[in-house]
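Paired with chain B in one complex and with chain C in the other, chain A is shared by the two complexes that follow.
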Partner chain A sequence: MIGQSPVRTLIAHAVLIVGILIVAFPIYYTFVASTHTLQTILRPPLPLLPGGEFLRNYTEALFGGIGRIGGVGVGTLLLNTTIVAVGIAVGKIIISILSAYAIVFFRFPFRMTFFWLIFITLMLPVEVRILPTYKVMVDFGLIDTYAGLIIPLIASATATLLFRQFFMTIPGELVEAARVDGAGPWRFFFDILLPLSRTNIAALFVILFIYGWTQYLWPLLVTNRNDMNTIVIALRKMVSFADADTQWHLVMVTAMLAIVPPILVVVLMQRWFVRGLVDSEK
Partner chain B sequence: MTPRVVFPNKFLPYLLVAPQLAITLIFFYWPAGQALYQSMLKEDPFGLRSKFVWFDNFKRVLSDPSYLNSIKVTIVFSVATAAVAMCVALLLAVMADKVVRGKGFYRTLMIWPYAVAPAIAGMLFLFLFNPSIGSLAVLLRRAGIPWDPVLNGNHAMILLVIAAAWKQISYNFLFFVAGLQAIPKTLIEAAAIDGAGETKRFWTIVFPLLAPTTFFLLVINTTYAFFDTFGIVHAVTGGGPGKSTETLVYKVYNDGFVNLILGSSAAQSVILMVIVIALTAIQFRYVEKKVHYG
Partner chain C sequence: MATVDLKDVEKVYGGAVKAVKGVTIAIPDKALCVLVGPSGCGKSTLLRMIAGLETISSGTVSIDGKVVNEIGPTERDIAMVFQNYALYPHMKVYDNMAYGLRNRGMPKDEIDRRVKDVAATLELAHLLDRRPRELSGGQRQRVAMGRAIVRNPKVFLFDEPLSNLDAKLRGQMRVEIKNLQRSLGVTSVYVTHDQLEAMTLADILVVMNAGLVEQMGAPLDIYEKPASTFVASFIGAPPMNLLPIVASGNGATLADGTDIGMAAPANAVTLGFRPEDVDVVMNADRPEGAVALPARVEAVEPVGAESFLYCAAAGNRIVVRVSGRATAKPDDDLRIVAKSEKLHWFDQAGKRV
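Now for the complex of A and B:
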């Protein structure tokens, strides 16, 4: 290891601290805004330190305040978003692991055709087929339903590829041993494959949860009713109706509530998050 | 490779791929096919009759000044976003590679923006920079800069780029840190013994060896700026002022859903599809190369 002068180390720390201040500032400032009175927010610049209204703003927002702005209580919004995020993550993992299992551990006609059919969906993001997909949703009556918010987003080539890659590293002897011991495909799947895939599943879950929580275009298209909105969409609607008497302090509380849950997931499950991120891009 | 040991079931595998395949066919291939088909149809304004017109829609779209403007906007936006996000992340990653203490702490704080939805990132920056109650906007104006992203197209674009780049810093940071760690320390030490200073070592050894990571991130960031930033544009500027921030994806949405110009919107979708295919192909070529270099 090359010796490094203390001055250079100090500079490195300084740059990193400035970087973090810039990266964290918008989130921090939103938090600050959510602890001030409406009058303080309307008279910028806002102080750099949190105000004394934390309890009052958050109680007001949680018990009816947000409902007065957007028409829907924050509980419903958070519930919707959680259902969508968890639904997408779990759904994607289930259908991907099943199809990867079929493609790696079975031999059947059209196996590679199916694989390519799944693979090519990488090249068809929602953005390039907005209108026709919307029409399919209307035809199936899936507008304003949880199924409509979740199902079209759970087909994923990335997750299938990831599981396929991992399954290929599992030695054939393991399958052979299981078969000699009389285990059928389901037994093998549940007793051997699933336990082995635990870390991959955890890593993927974190990434997909964030993916689901931060969806924008799709929820915007398939929800008309306010009580089916995710919190991101609801926040956008609150901001766009902004006028002289917008309750900015409550909007800021909503923003915090939309930001904090995914941040907690990323920070608390950091090890799996980083792993999932690196894996899912290979 | 020896043939894999497999289960002999004939029917079960079809059952296993069925859910994924069904969703893929219904929500991906059918709509994509429809988009292709509609891109060659001309419908009357009431949607009562339609006529097959081959590539007329494409011709019209590609000669439409507002579409050409939107291509220009998208390119400016993507290049700026990728450049800002990658330069800042590279600088921070190089610094993080130097420090020993506090590495985990810095990383933990650096990954926050990844968890923030693009649309919310946009709204946070709008809150800071909007002309009426934005604190930073007020400070800029006090410093004598006539800042107004609501009326000035360039300012609106700058605001979008900052928000989009901010959100992408975490991702680039993590990949650059991983890339830096993969560089053999012996190479750097050898250069140091030969008398190369730190700056020289970075540009002649570290940076070239980081090229695969940089290139990979360039593709990812471009894809991100093209497609995932719809939320930012929709939440912050709505394509305005004028059409100064109308990106391609935003235009597809706007023409299809708001203005209901179906043929044109479908043709635009198909053009976007070609762009995605090109980007994905580049990305996979890169992956293959990485395997060759081992």
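Now for the complex of A and C:
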């Protein structure tokens, strides 16, 4: 076995610890910076230990509003981003589970054509179709709305394919048993398919939530008003070319707050899929 | 309760594969009809057409005198037990059994009463809160049965329900299914490839081959008078001995010219006799009105209550069943004698003559 001898264990741990430090240090340093005054940050060297401004900085960012982004508080940004990320994740899951359901369990004309059309869109990322999409959003008057932020991103070929693969593993006998038991298409979907898919849904939710949370290009295009920004866009806008113009302490606070929700989602949902995995049928 | 009538039922898959080629079966009320045949002969397809899970290409299926071709599985009022049980993995045993009743809008207390009744009959009462994966194979099988029984349908359909159980459990469940079916008095269609299951369960036995019914009737009638070489070799274990023969003058011989000791009916080209219908004699007399063949013992298989002798007679393998211990040993030369009333003759097409 690897790691049997103490020396090996030591080396393995040393490597891991160094790895963790490399990953964690910038985050720690951001946190440290978020607890000092602007003056301390601007006067190098930056201290390695947290300062005493934690409460003031965080309160100011969350509730006070930040000058460079039109006085919008980080609270609003978090709310916007949460709505967008949850909207994208839930929307993608609903659309893809329904399309996979149709493709796997129903026989209709051009079924495979539709499947391949969906499949082909995998090769067209958002960026490729961004101009026409933007034009459509402008024409519908959806600039600076949640709908405009969410809808163009909620079709998902990847999630559809994942659900399709999963549905194909469901034994035909189970589908037939449900038909004999008097379950129509909707009942089958809600009573059987959905509960059986819950681990897949949980895993996808985490991935898609983070995907939505970290969107950059699309929110940048489709929002003009500061109070409709997502946190990533706002963070970018808060940084000016001139150092003196940038409220670095608030930037650091915003950066810290921006990573909290994804971490929460991962941690909370992780418990969920572990339970799902333990529970799940082969 | 219900009769099931199939009339010239055919199934064509994808315009090309003819899986069922015109089957007519009439199943009276309360009868247990077993469809038996080798894998791929169309048994499941036929059963699924009765269930309404497969469309009927031509012909009619009637339940209780009413043609149900265009009616979905739910409205046909049938219940089905699947080979892999098809229990809902995320539901408790109770909910697995109650699901079909809930979908039919039955009141809660009535559902509860029925599920508990059936669970008691099947000795499942202590398992109602478990999920399928927490059950043994035999228990899952019972739950699958319970799910069918609780519905109190017009017809039970079974698709090889015992094939995933070990031999001992299979024997127990076979008896239990028979008893349940008889006491509930529900018309049933049971598919299996196991001839022993078929023989022991059936009121009506239907032997199928390549999408067609080879023979239909009471199990023992079929055993005693198989209509074709296919049925003769499919029903019975070990299967009937079948030997090609040639008529010559007023007698008949095996392919190599060995005289079989009696005349064959006109057109007969195959002689059959069952392993238990033969005597082995050591001496050389020729009994009257019987087939007598010289043979050499190749192997002896003692099973306890009986023994099987595997003999070679002019290039043919013949199995003989003797009760108790066999006195013959490998390499013994002996004579195999089969009485004329125990013989079966088949013509060129394999049909009984």
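The rule is simple: the second predicted complex is superposed on the first by the 254 of 282 C-alpha atoms of A that agree within 3 Å, B and C clash if a C-alpha of one lies under 4 Å from a C-alpha of the other, contacts with A are read in each partner's own complex, and residues count from 1 in each chain.
Rule of thumb we're sticking to: contacts are C-beta pairs under 8 Å (C-beta built on N, C-alpha and C of every residue); 3 or more make two chains touch, one makes a residue touch a chain.
Bear in mind that the values here come from a model prediction, so they are computed numbers and not experimental data.
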{"item": "Clash-or-fit label for the pair chain B, chain C on chain A", "value": "fit"}
{"item": "Touching partner for A:192 - first (chain B), second (chain C), both, neither", "value": "second"}
{"item": "Partner contacting more residues of chain A (chain B vs chain C)", "value": "B"}
{"item": "Chain B versus chain C as contact partner of A:202, first or second or both or neither", "value": "neither"}
{"item": "Contacts of A:182 with chain B and chain C, given as first, second, both or neither", "value": "second"}
{"item": "Once both complexes are placed on the shared chain, angle at chain A toward chain B and chain C, C-alpha, multiple of 10 degrees", "value": "90"}
{"item": "Touching partner for A:15 - first (chain B), second (chain C), both, neither", "value": "first"}
{"item": "Touched partner set for A:107, first chain B, second chain C, both or neither", "value": "first"}
{"item": "Minimal inter-chain CA distance - chain C and chain B, angstrom", "value": "7"}
{"item": "Set of chain A residues, in rising order, touched by both chain B and chain C", "value": "173, 176, 179, 281"}
{"item": "Residues of chain A touching chain B in the complex", "value": "1-2, 4, 8-9, 11-13, 15-16, 19-20, 23-24, 26-27, 29-30, 33, 41-42, 44-46, 94-96, 98-99, 101-108, 111, 114, 117-118, 121-125, 127-136, 151-152, 154-155, 160, 172-173, 175-176, 179, 184-185, 188, 210, 213-217, 220-221, 232, 235-236, 239, 248, 252, 255, 258-259, 262-263, 265-267, 270, 273-274, 277-278, 281-282"}
{"item": "Chain A contact footprint on chain C (complex, rising order)", "value": "48, 51, 53, 72-74, 78-80, 82-90, 99-100, 103-104, 132-133, 147"}
{"item": "Parts of chain B lying in touch with chain A, wherever the complex brings them together", "value": "2, 4-7, 9-10, 12-14, 16-17, 19-21, 23-35, 38, 88, 91-92, 95-96, 98-99, 102, 106-121, 123-128, 133-139, 166, 169-171, 174-175, 178, 185, 188-189, 192, 198, 216, 220, 227, 230-231, 234-235, 249, 252-253, 256-257, 262, 265-266, 269-270, 272-273, 276-277, 280, 287"}
{"item": "Complex contact set, residues of chain A against chain C", "value": "171, 173-174, 176-183, 187, 191-192, 195-196, 281"}
